[in-house]
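What follows is chain A paired twice: with chain B in the first complex and chain C in the second.
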Partner chain A sequence: MSPSRVASRMFLGLVVLFVVGPAAMVIVDSFNGATSFPSPFQSATLHWYVDLVHHDEFVASMRVSGIVAVLAATCATALGFFAGYALIRYQLPGRNAIQTFLLGPLLVPQIVIGLAELQLFSLWGVELNLGVLVAAHTVYVMPFALRVIMASLARFDFTLEEAAYSLGAGRLRTLRHVTLPLLGSGLIGAFVFAFILSFVNLPLSLFLTNARSTTLPIMMFAYMESRIDPLIAAVASVVVIAAIATTLLLERVFRLRLLG
Partner chain B sequence: MTVSPVEITTAGVANLLRRPALFGLLPAIVAVVTLLVVPLAATFWLSLSPNVLIKFTGPGLGNYGYLFGKPYYVGVLLRTLNLSFMATLGALLIGYPAAWALKVLSSRFGGTVVIGLTFPILAGPLVVVLGWMILLSDGGPLFGPLVRWGIIGRPHLLGTQTAIVIGLVQFTLPFVILTIYSVLKQIPDDLIEAARSLGAGGAQIFVRVIWPLSLPGVVSATLIAFSLAASAYVSPHYLGGETQQTLTTLVGEFILATYNSQMAAAVAIVLLAVMAIVILIFTTLTARLVR
Partner chain C sequence: MSHLELTHISKHFRTTSALHDLSLRVEAGELMCLLGPSGCGKTTTLRIIAGFETADSGDVRLGGENIVNVAPQKRDIGVVFQSYALFPHLTVNENVGFGLRMRRRPRAEAEAKVREALRLVRLDSVGDRMPRQLSGGQQQRVALARAIAIQPRLLLLDEPLSNLDAKLRDEMREEIRRIQRAVGITTIFVTHDQREALALADRMAIMDLGSIVQVDTPVNIYERPAHPFVASFIGQANLLTGSVAAIQGAVVQFETAAGLRIVGESRGLASRGDVIGVVKSERIRLSSEPAADTANTFPARVEACTYLGAMIQYHCVVNGEKLIASAPNRPDGMQFAPGAAVHASWMPADCLVLSSERKG
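Our next item is the complex of A and B:
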């Protein structure tokens, strides 16, 4: 290997370390026996994980986050599929404008979306509940799902649908037996991406949760306002490990890259 | 045969009304309109509404007047801009060479790098910031040993703008690298080879061939980094704290601490306006370069 290639590798390695390091640090510290946080590593312990399992509020908030993320990702994938299909399949006038509009939620700071929806729901007299949170998360993760789905639709051979029609299959049967199976990995990728982004989101939920719809990031936020101890590192590690597992699953099983 | 504009429009509308296309687009459009456009309009309206907390009887620009009348809030605005610019600059300075290295190496090593870069996005900002709080603390693994051995004094990074910028650079870097990489990837190696065979040196190849061709990527990476940095809530909240407020954390404070929703709305609109103005100026200035 030439010296310049070695230098390139080392530089990239450092960059990745810079990007990944903080999350790795959290995992290390979750095994730290010290009770104050942050503090130098003292002794290895699983104490914080045992604490976590018995911490009802954290466990409940994980459930809430899971439910919200599943519902929001399902809605976002469905919306993204129908919209992406229409955008790619049909030569619509103003196609680019519609696409930009649908990707619009990406441009608005999440805390502003959260504030805006708080106004909307209070204008409508809707009380904060899980549905409000799902609606807010759906509109935020939809653009991500749409982009993944559009990328896989761009490689989709629409003549296969024509073939199914000419063989007598109706629109729904074609969708079920031809289109959806062929787009499978794109749809799964979109769903998983949307799920994770919803699951880890804090700023969007900040104004939209109540005592019964507290998501995991909001629970962490509330906990960290009063104190910071390695328990929070254990919670975060669970999220990190789930994220690693998902990244590898997408990469190895579905051959999907979420970026680039 | 010539087609008049009217015919094109009618054909276009007829096309739009073809059932499946409309059926496909309508739900998503309705979702964005009801859950983003209408709420933003309501927020704008709220920012113009009377506010007992500051004795403004409106409607009018009273909330904005109050905001811009206080040096503290103007400072928050300037700090937000400053942090976003610094973070963007930092991410570009690291991200460009990293994207180039990624192009040169490509293949399997590159694939691993991309997975690594994607990872913090999936772990979420809260977890990552928690990591920075550990790393940047005075007794943390980065500075702890140096402080204990007396090599450096206590750096006191947490709660400073430097800490926020570090967090923001790390947060935006993956997007910057992958955006620039996607443009660099498209520069054919033949082109670089051709320049070399015509006698250009390394620096000349970069300045005359690679840099001009990569400019569109740099421009969009800049826009992405700036928007992400200006929108960030978690990094400034935890790494900066109360003394380093930004527009996003100010919105949070107005709702969570003082429940002054008119003021929160005004700050949110100011944030959107500032982002729009900066993006507009930047795209106008660079329009000639990208073409």
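Our next item is the complex of A and C:
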């Protein structure tokens, strides 16, 4: 084996040990019959999943997180597409400054963004609601979407758009029939990335949720503060399995390679 | 009225100026080649006609209608791009049918037209393949079929052969000529390859530094260049600078700085003064004895020979003046080695005298 192969195997091993391993442990623990968490495996049970389904607050928070993540990821992908298109396609004056500005939220701690937005919204007298949360999440996940979309736009041949114009397609139909289909994997990748980042986000949501818009990470955080039992492992397992399943499904449906 | 008329087109890019006051007329059914060195503005001209770029000033008229403010998708102009720009996510049939679909033609009619266009470019059997499964030459044909399937009012080709290897290039050049004749479509073909332009064009426009220098038939461009740039750009020409000694009708006698007295012909010199005599390399004969039939015969020395296969090129020096002569590589042809003392001669009719002060 060449040294680079050895190195890549070792890297893979570390990923399994530190990323896949803990996730697998949590999934195993979610079937644990013990009542405290974490504890040695006692007996296999689906008890915690049954509990979870009947736990109205968890179910409601999953719904909120799902809605917020879908909306935030949609906004971020759309904004990221338009911004990325303008940055890559046109020789805008101040292009680098604009790009740095748009990627700015990556450089600011999320706690600071969350606090700043809370102050801003209370200054404006805007009540905290789902819209506020979606806006905040969009600000935070947009740079990630933008990066993914710019990478795929950099490989896009804009002559194809001119070919479409010359064949009688206007801007919108060119976008629909040529540009978007060819950027498809980049856009879906950006959406999935943004969705997951929003779905698991805690720091922003800490400041911007109220009783009716509690997201899943907040709910988990709050739950673990009062008690620790394998129910939390069941919640975590659902999230992990749902994320993997969604990614695999998208890969299958759109014939993409999201998982390398 | 010409089918396409460009009048006083100017275009500046941020730092450089691309076109200056360019005017061009293309007649219906004509194949016009835009030929020039890279950076001369030929592609910019094409993009302005297609509507991808906007001229700073000037008009573009197609069939009498000013289309300067018409969006590219409403111009009805077919374009074949240098990179072909086939849609990689669509099959060959879908690519060729794209324009018809955008025009919302009935399905049966569109399918028939796609088949017809593919038959015209002799690619009937690949309709269901994806562009990446085709060879470069086949992709080129699909691009051509896609552009003509919409029956455009004008066909623009931007260096369409530059990505093909030499043999395929000649073949496709003939194909394009055949298809253009068969469809009878007015065509503008941009190229930097003069062989391509000479072989294809009904007329060609020679461009330099953002303007058109001369527009004429290939024969006239080659034989009777009107401007020193055209003379030096087309073919392998010797440019001999000198000043006029005598003018008698079309016959001009001039003397170079090195003291050669040369007889040439002009098409009406405006004035005496500095001139350039243009002699194509293949019109110079090399012989061991002075030529008896022309006054233009000078002792020369062969400095170097270049073997070009079908031709042999001799780099000679006459009185310190460098001359390039070329001769067909034939068994009965004269062969000289470097260092040989020879005589270089040419007929007065083969030396075109241009004023070096004239601006084209």
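As a convention for this text, the second predicted complex is superposed on the first by the 232 of 260 C-alpha atoms of A that agree within 3 Å, B and C clash if a C-alpha of one lies under 4 Å from a C-alpha of the other, contacts with A are read in each partner's own complex, and residues count from 1 in each chain.
To be clear about the criterion, a residue touches a chain if its C-beta (ideal position, glycine included) is under 8 Å from a C-beta of that chain, and two chains touch if they have at least 3 such contacts.
Note that the structure is predicted; figures quoted are calculated from it, not measured.
Q: Give one word, clash or fit, describing how chain B and chain C relate on chain A after superposing.
A: fit
Q: Any idea whether chain B or chain C touches more of chain A?
A: The larger set of chain A residues in touch belongs to B.
Q: On the A-aligned overlay, A:L115 touches which partner chain: chain B = first, chain C = second, or both, or neither?
A: In the superposition, A:L115 touches chain B alone.
Q: Looking at the overlay, does A:V132 come into contact with chain B only (first), chain C only (second), both, or neither?
A: Neither chain B nor chain C is touched by A:V132.
Q: In the overlaid three-chain picture, which partner chain does A:P181 touch, first (chain B) or second (chain C), both, or neither?
A: Only chain C is touched by A:P181; chain B is not.
Q: Please indicate which partner A:L71 is in contact with in the superposed arrangement: first for chain B, second for chain C, both, or neither.
A: neither
Q: One more residue to check, A:T159. First (chain B), second (chain C), both or neither?
A: second
Q: Could you look at A:G168 and tell me whether it touches chain B, chain C, both or neither (first, second, both, neither)?
A: second
Q: Report for A:I228: first if it touches chain B alone, second if chain C alone, otherwise both or neither.
A: A:I228 contacts chain B only, not chain C.
Q: Taking CA centres after the superposition, what's the angle at chain A between the directions to chain B and chain C, given in steps of 10 degrees?
A: 90
Q: After overlaying the two complexes, what is the shortest C-alpha distance between chain B and chain C, in Å?
A: 6
Q: In the superposed view, which residues of chain A touch chain B and also chain C?
A: The answer is residues 91 of chain A.
Q: Of all residues in chain A, which touch chain B in the complex?
A: Residues 4-5, 8-9, 11-12, 15-16, 18-26, 29, 37-41, 78-80, 82-83, 85-87, 89-93, 98, 101-102, 104-105, 107-113, 115-120, 123, 135-136, 138-139, 142, 146, 171, 196, 199-203, 206-207, 217, 220-221, 224, 228, 232-233, 236, 239-240, 243-244, 246-248, 251, 257-260.
Q: Going by the contact rule at the top, pick out the chain C residues touching chain A in the complex.
A: It is residues 14, 50-52, 71-79, 81, 83, 85-89, 98-99, 102-103, 146-147, 150 of chain C that touch chain A.
Q: In their shared complex, at which residues does chain A touch chain C?
A: 91, 157, 159-160, 162-170, 173, 177-178, 181-182
Q: Going by the contact rule set out above, which residues of chain B touch chain A in the complex?
A: Residues 12-13, 15-16, 18, 20-25, 27-29, 31-32, 35-36, 38-40, 42-43, 46, 94, 97-98, 100-102, 104-105, 109, 111, 113-135, 137, 139-141, 144, 170, 173-175, 177-178, 181-182, 227, 230-231, 233-234, 238, 248, 251-252, 255-256, 261, 264-265, 268, 271-272, 275.
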